[in-house]
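Next come two complexes, and both contain subunit A; in the first it sits with subunit B, in the second with subunit C.
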Partner chain A sequence: MTKPASPAAHAPERQPTDWKSAAMQKRIRRRYAAERRFRMLGAGAVIVSAAFLAFLLVTMVAQGWRGFTATELALPLDLKAAQLKVTREQLNSPAADLALASGGLEEAVQNAAVTAFGPDGASFLAPSAWVWVRDAVKRDPSLLERRATINVPAATGFDQALTGDGDAAMEAGVARLTRQNAIRRGFNWTFLHESDSTDPVAVGIWGALKGSLMTMAITFLIAFPVGVLSAIYLEEYAPKNRWTDLIEVSINNLAAVPSIIFGLLGLAVFLGTWEIGGRVYGPMLPRSAPIVGGVTLALMIMPVIVIASRNAIKGVPPSIRDAALGIGASPIQVVFHHVLPLALPGILTGTIIGMARALGETAPLLLIGMRAFIVTPPGSFTDPATVLPVQIFLWSDEVSRGFVEKTSAAILVLLAVLLAMNGLAIYLRNKFETRW
Partner chain B sequence: MLGRLALIAVSALALSSCDGSATREIRVVGSSTVYPFTTAVAEAFVNAKSGRKAPVVESIGSGAGIRRFCEGIGAQFPDIANASRRMTRNEFDRCKANHVDEIIEVVIGLDGVALAESNQGPKLQLSKKDIYLALAADPKGQPNTAKTWKDVNPALPAIPILVMGPPSTSGTRDAFIELMLEPGCKEAYPDAEKLKAGVDPAPYDKACRRIRDDGPYVDKGENDNLIVQGLAQNPNALGIFGYSYLEENKSRLHGVPVDGVEPTYDTIANGHYPGARPLYLYIKKRHIKAVPGLKDFLTLYTTMWAPNGPLVKRGLIAAPDKMRERMAERIELELALDPAELH
Partner chain C sequence: MTALSPAPHKMSARGVSVFYGDKQAVKDVSIDVDMDKVTAFIGPSGCGKSTFLRTFNRMNDTIASARVTGEITLDGADIYADDMDVVQLRARVGMVFQKPNPFPKSIFENVAYGPRIHGLAASKSDLEAIVERSLKRAGLWEEVKDRLSDSGTALSGGQQQRLCIARAIAVDPEVILMDEPASALDPIATAKIEELIHELRGRYAIVIVTHNMQQAARVSQRTAFFHLGQLVEYGETDNLFTAPREERTKDYITGRYG
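Presenting the complex of A and B:
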């Protein structure tokens, strides 16, 4: 601050800012308020999205955890008294199932339930209960000649009555069987190793999970090499001209094409038939199989992999290429010894994100027949199969109320697989990441 | 890397060429209403003898199912079509053009199109005429202005009309139109017969077959569970769905009586409830020899559709005894459908 000069010599001198004045204080307060508002807006956005995620997870876990539990009934059986028309020799032959089914095992199990649990006892058992008994007999043929108690699954209605959401007859049954101490609850292993069924207590996710894994394997085997090779060619070898520009634009467009279009493409190309010169050709691939699903999804995620890989390759500093070329490496050595290893974290991240998208995809698979009801898991890549999201879609449409919790449980399995894949992406990125 | 790629491509081709061999699984396509019954039979088929190839059942709707069924004879085409309505003459002709000529038609049982409301609902008693006047787009040729049930019939309470039902692609909706709306139209609108006999089908369709789209009818999509949930949330609403859903949700819903008849197993089986329709299977006779187990599968179906059988527990309404015997005979002797019966 200078001493005020004589008023005659200069024009009125500029006053220093008075930070203490009321007007200035107000402006400062407004600045700080704007800052706080912006920060709160950002935090609010994060809270809203976190709340949506939490809501989704909480509803799924609340509805789905029961899908992972099973209610079983301890059923006292006397198969000797039931006098099944089955011999031991038959049990060791491949026709054992048929022999037990036609030998009256199902009736014997129902009669045992009536004897043990009262006149409506048979309705407490799941329709598939006799299959459990059958498998137990096959494991241990001595069951045919003695009394034993076997745990069999309870009917859906019975399971619901346990939570107080069933009809009066079942509620009474629950009360009676609780007194008899015949109810067992435990982890539902069936859900993890069985496939689709019409009975909600007998369904499992394994068939769909295996279908998903097989489809993903095909998708990866096709999309990853083709996508990465295209990216290497476009970045390292292709001349920059109008044609490569056109290819770049097409790839970007393709990445944004709705997935249902790829389903129609797969339907027409892989499952279509052509008549050329009087001979009928096709279909190239079997309907509903993991191989056709995998090829279709590979077409869908290839552009995503190409774009991610190109960006990763672009991120490798030119000095590394120049240095390698300078000490006499051939272009292919430059690519495979230097560029590709350095670009790998980005390429892998892009690939896994693409694979996660393919894992959650339903629309194109509906068109190529992967929406079918199949009781056994696929044995090979050409067997009919279904995948996790389609299984969820199918169960959400089921009549029986027991499927509501199974649908949520299947969603939890899908989320767990997705989480594992994204976790792998983050791990790989951190492990291979290099800083220059 | 390239060598390994080529190996994968070759092995993939070798795998895919395995298809079309003699041991193909049974393939079924078609109606979502028949789907729960065919899947139950498919499951029992595998359970009866493990090692059997699991039948593949796809639910794509009756119309689409028959179209795929009719595409041809051979390993890549389905063996059985599920249908919640009868095959039309047009569809049969298209089948025949693709060399699918010997078709066995089987009625597996009946299904009821039920009107239902929540247990907390107003306990409506409707007639087919009330339903027609409340839901048709142009009852008696005039645009529908009814807002409450009282507008339709002064004896009904003054609560807003709100009916949740399936979309226009659904066979259930077709059956509802055919079994409830059209008979109601004929009762309420004397000119309907005249319109139907006319050369141009459009005026009859407009007056008797079109459902209003100005709000009171809510299209809830193909997922019938959404309708059930909607009814639980809105006690004043009615829902339209297959009888099996009503049976499954007995603790929350009850059927709405139509012309004084409630939808129950007995009233649908004896034909007193107006919304009963037969469910069909169509089978390619020439596939019976080619596909292993197809005949066993059909025979298993005949044992499961009996009145005390497992399909009835899932909501199917068993056909009368005479009809079941005739259908079992059709399967046993592989009697093909006479196209003259269709229209």
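Presenting the complex of A and C:
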């Protein structure tokens, strides 16, 4: 081998670095080029994702806005001439609905449509049109004694003919009624306060929205305290040994388990029955209800909250703990007075990510029966209910064309709820972060 | 060891050893801490000064692998006895850390926190009085009295360290442990801290860890020199610096290593 050269004597004289040489210039150019390439790649990635988002939003809004508007027809009515067999007393009694129905109101409305809009006039009205008239009469009984014009919902086919998507008879009707100036477009309040229906004109999102809110409430009430307390225990109290390592690995894996597995778990545990010693036990929770959906989703997002909370707690500088312990704070005071407030922004972020995931979840809820056809919003946590994403899934599966715009409209509602939730998270985070 | 005597001391350590797992960081150390004297721990980095200091308020309890043997007493009572309440002990034996660590709260809250959790203030005005007195004793009052609601972390390093001293003082401790309280500070802030230690002496028993021998000579009346976990020499500061008995002490204070 070579013997070590004594540096001073034998090393060749080093030339001073020529910073202006061609080789140097080339290096510099290459470095700048690499920098530019990377910046462009990054900007490209951002543009692509922004484009996807914009495309999604534009299609949804383009299709969905009609879901928020309704086509109504101004129907001239003469209920006095129709000679309904209804008395004033009946109108003021709880049986008013029944009295009006059996008194021939539906027929009277259809006759009025024929009179006003021509022989096929009745087919322009939505099947629920007479219900609108009924409600109007109940609000104002004098309608029975005089002529009046009432706005009633148009049939789905008529609504589609309006966008050039209906059959010939309806198209003719649209042309005729346009000339009569009887077509109105208004905000679709029905969509906001009704529930599912087989008729796209009569469907509403409120049932699913309320179901979602109730389910989320259960999810939050279970997942947040349990998740945060687990995180505190694991970080601050649990001894570091093989068991806690095992728990940590399990939690990390649980966060990656596909959501449908949690649906199966919920189905088996909460809705399952067990036969023990000849007696049948269970199910623990009612099918299709927000409570079972909420508990199932809570199990699903708990690992996410635990992991985020543990990281947030880990991020609190140990010097703060030392400071508090050093003046005699007990471990629990250290946690609640110092660690938690500092970790809260991170904990909230993790919680919101988990809640957003739960809000958009469909698969596990299908398994526990939250895909039922729900025509009345759930009145309690144990009533059958559905949730926004499942409602979207159900409507997207409908054959009737009228459901397309309702599906998009429902997606917009879901996005709005998501945005509201994220907004709340950002607000809370800033509130806690800017305190000092 | 000349300074060790059976007379009642504020705190005494007898035959204290500390282990981190199997590794012994402090080896059979005995020392006394008295009210009217500032005790300095000097020695090269890693020789166990901080570890030993933290046995006096049982801060080592927070380290899972740490184990302490021997006896440490406060007013004659064994602080590692089962009936000693750690929370109360740490109120009586306060601590100031190497890196200033104010809470990310207002200056007022930083000082008020201790009295509040220990229930030392009967009323709001009482609490305000405690805060003012503590900040005055820590020599910080004049600088912060107009901005008590500002964040403690917005102060300069030296001010933060004095705030931490005020925070320790506010719970009315008997002993104050300081672990290199000025090592992260500039010379002017350091001088202020040293001055403060002079003023606090007598009211509190003070133990200060420092790797700066001049500082030990300036602020302390008694010095303990540690090396590799052992207490090499312990005595009156003047004697130790002018006439060290041990060869290793002499090497250290003449700058041969460290």
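Observations on the structure shown:
Methods note: the second predicted complex is superposed on the first by the 401 of 436 C-alpha atoms of A that agree within 3 Å, B and C clash if a C-alpha of one lies under 4 Å from a C-alpha of the other, contacts with A are read in each partner's own complex, and residues count from 1 in each chain.
We adopt the following convention: contacts are C-beta pairs under 8 Å (C-beta built on N, C-alpha and C of every residue); 3 or more make two chains touch, one makes a residue touch a chain.
Quantities reported herein were computed from a predicted structural model and do not represent experimental measurements.
Judged by the touch definition given at the top, the superposed model places A:L342 against subunit C, while subunit B stays out of reach. Look at A:F262: by the touch rule set out above, it reaches neither subunit B nor subunit C. In the superposed model, A:F124 makes contact with neither subunit B nor subunit C.
Of the two partners subunit B and subunit C, more subunit A residues are in touch with B. Contacts of A:K240 after superposition on the shared chain: subunit C is touched, whereas subunit B is not.
When the two structures are aligned on the shared chain, A:R401 is found in touch with subunit B, with no touch to subunit C. Of the two partner chains placed by the overlay, neither subunit B nor subunit C lies in contact with A:F191. In the superposed pair of complexes, A:F224 makes contact with neither subunit B nor subunit C. Touching of subunit A by both subunit B and subunit C, each in its own complex, is seen for no residue at all. Interface of subunit C with subunit A (complex): residues 57, 59, 62, 64, 87-91, 94-95, 97, 99, 101-106, 113-114, 117-118, 151, 153, 164, 167-168, 170-171.
Of all residues in subunit A, those touching subunit B in their complex are 94-95, 97-98, 101, 127-128, 131, 165-167, 197-199, 218, 221, 225, 271, 273, 283-289, 291, 369, 371-376, 380-382, 384, 394, 396-401, 404. Here subunit A touches subunit C in the complex through residues 239-240, 317, 319-330, 333, 337-338, 342, 436, going by the rule given at the top.
Put simply, subunit B touches subunit A in their complex at residues 1, 5, 8, 12, 15-16, 18-20, 25, 32, 35-36, 39-40, 42-43, 46-51, 53-60, 76, 222-225, 244-245, 248-251, 310, 313-315.
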